[in-house]
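Supplied in structure tokens, the structure appears directly below.
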Amino acid sequence: MRAVDPANVAMDDIELEAAAFESYDASPGLLGVNLDRFSKVVKMANKTDLVQLWFDTSTFKLVVYIDGLEFTMACLDPQTIRSEPTLPELDLPAGVTISREALNRGIKAADMVSDHIGIEMVEDEGRLSIDAEGDTDNVRLDLQDDDLQSVTLADARSVFSLDYLKDLVRTMPRGVDVSLRFGSDFPLIMDYEIADGDGHVTRMLAPRIQTD
Amino acid sequence: MRAVDPANVAMDDIELEAAAFESYDASPGLLGVNLDRFSKVVKMANKTDLVQLWFDTSTFKLVVYIDGLEFTMACLDPQTIRSEPTLPELDLPAGVTISREALNRGIKAADMVSDHIGIEMVEDEGRLSIDAEGDTDNVRLDLQDDDLQSVTLADARSVFSLDYLKDLVRTMPRGVDVSLRFGSDFPLIMDYEIADGDGHVTRMLAPRIQTD
Amino acid sequence: MRAVDPANVAMDDIELEAAAFESYDASPGLLGVNLDRFSKVVKMANKTDLVQLWFDTSTFKLVVYIDGLEFTMACLDPQTIRSEPTLPELDLPAGVTISREALNRGIKAADMVSDHIGIEMVEDEGRLSIDAEGDTDNVRLDLQDDDLQSVTLADARSVFSLDYLKDLVRTMPRGVDVSLRFGSDFPLIMDYEIADGDGHVTRMLAPRIQTD
């Protein structure tokens, strides 16, 4: 699954391997789905319910089956969905894995003083900082040593829209470890695993280029 | 207690036997009460508090007493309250008892695609269905066998306002078993017990007559 | 800390002794702080986190440090903050200590019928009452004996704005015992302790003078 926001600022890419499903029988194809509707339908399932998806090739409708409940949803023609932008090859020097909770803490703090947020790595100090600067107030969260895993040290700093980053992190599963890759005035790429490792999520956020 | 909504679409009828009270001493009479106010007052009681109702015949006020708290409420003249419509004798062929939760699940699903909801029994299949039809999407919940108790099989199908049915089911006690009676383009009657069987609730909902 | 509302109806006064802090090193001074901002910053701390406050005398900023998070907040010139009114010497004859919960129960009940609330002590009966009078409905909560501690009996009755009293009691710690002092058409003074007795809060509310 792949989705891009209307302003081309953020992109999500989700891969689920066949092993992530209880049973899987499909031939290659591309389906357009109304996300709001689909999300509400799937939320009807309890934690232990199996959700069955079936594409009816005669009516071109997606049938979702959840313990006696049967939803029949019209699909969207993929041709009519705005296609995602082609991504340039990115060489992102800084890499680090931190907990979603640490990331979220920095976002909550930044949200008090600004509408954008800086992510910075300082190679010499082995430090990752999340910071924000308001008109009169500043905030900075320093993460070091035990907070950081799999660090690829580099000097790098980029600034991002706080609203976008908030939405991206809010919708990550609690307790997940997120691998960040970033550079200086380059996109931020956040990776994490779902479905016991049989699913992989990549979320990309364009930087706010600061003009001094 | 009996109440009807302004549009005459739904009617509630609640009977509490004397045994449902800790102590009961009353002569026959009819009292008009502001429901919103009365409901808020009673909610001041904790789960284990006794609520004492006393009608002061000199002031024509209802006194509610809850552990040191004393509310004095003006009553409404029952003559000024719109009287409920007289109900025609209804011969409703289909009957079944299901859990409030099953009913609620069908309602939640229907709510995604439509503002009305169909309730259908198919005699041959021993099946109760809750369904809804939207412009592009449909939903259907089939209940059979273990989900159904005390079934009186008949072919019957009626359609109801989803908003009304939502409100009626939302205010039923969790975990209660609800007995449904309905026909084809006839009202739906829902019965259940409260107060350990010393109280009985009947809720009636007029059908939406569909003009094809 | 001291704060007064714009209409001069309520005043809060909070004293924290040095013993209320893990460590304390300060010289006398007066600091103006944006309450909304300060409150959000401090809420970033978990229950067991230590919050460190440091005033940077070179930048005139307040630095708040919470487990790796560093907030730098501009201070307000105390001269520019509206100064609190000088309080007349008050001789409040009635005194009693009750639980926040009992006070809150009276407020919730009063809120159903009115936008002001009476607090009354009747010396003869050893009774404290919280009451409210609406257009058609009344409510009264009588507190006696076990509900009352440290009573100084006197005949006294004052009426207060319910909205103000609601806000004051809502922000008291759950389970705290509140000492009330009041008279007839005099302010209400509410005292309670925080920080295991190393902090003391005084909240004062002006009466609504009733013109008959």
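Per-chain residue numbering starts at 1, and chain names A, B and C are given in the order in which the chains are listed.
One rule holds in what follows: contacts are C-beta pairs under 8 Å (C-beta built on N, C-alpha and C of every residue); 3 or more make two chains touch, one makes a residue touch a chain.
As the structure is a computational prediction, the values presented were derived from the model and not from experiment.
Taken as a contact graph, the chains are fully connected, with every chain touching every other chain.
Chain A maps onto chain C through a rotation of 120 degrees [Cα fit, steps of 5, range 0 to 180]. Each chain gets one centre point, the mean of its Cα atoms, and the points for chain A and chain B are 45 Å apart. Along chain B, no residue makes contact with two or more other chains. Those residues of chain C whose C-beta lies close enough to touch chain B in the complex are 105-106, 108-109, 112-113, 136-143, 147.
Contact residues of chain B toward chain C in the complex are 37, 40-41, 44, 68-74.
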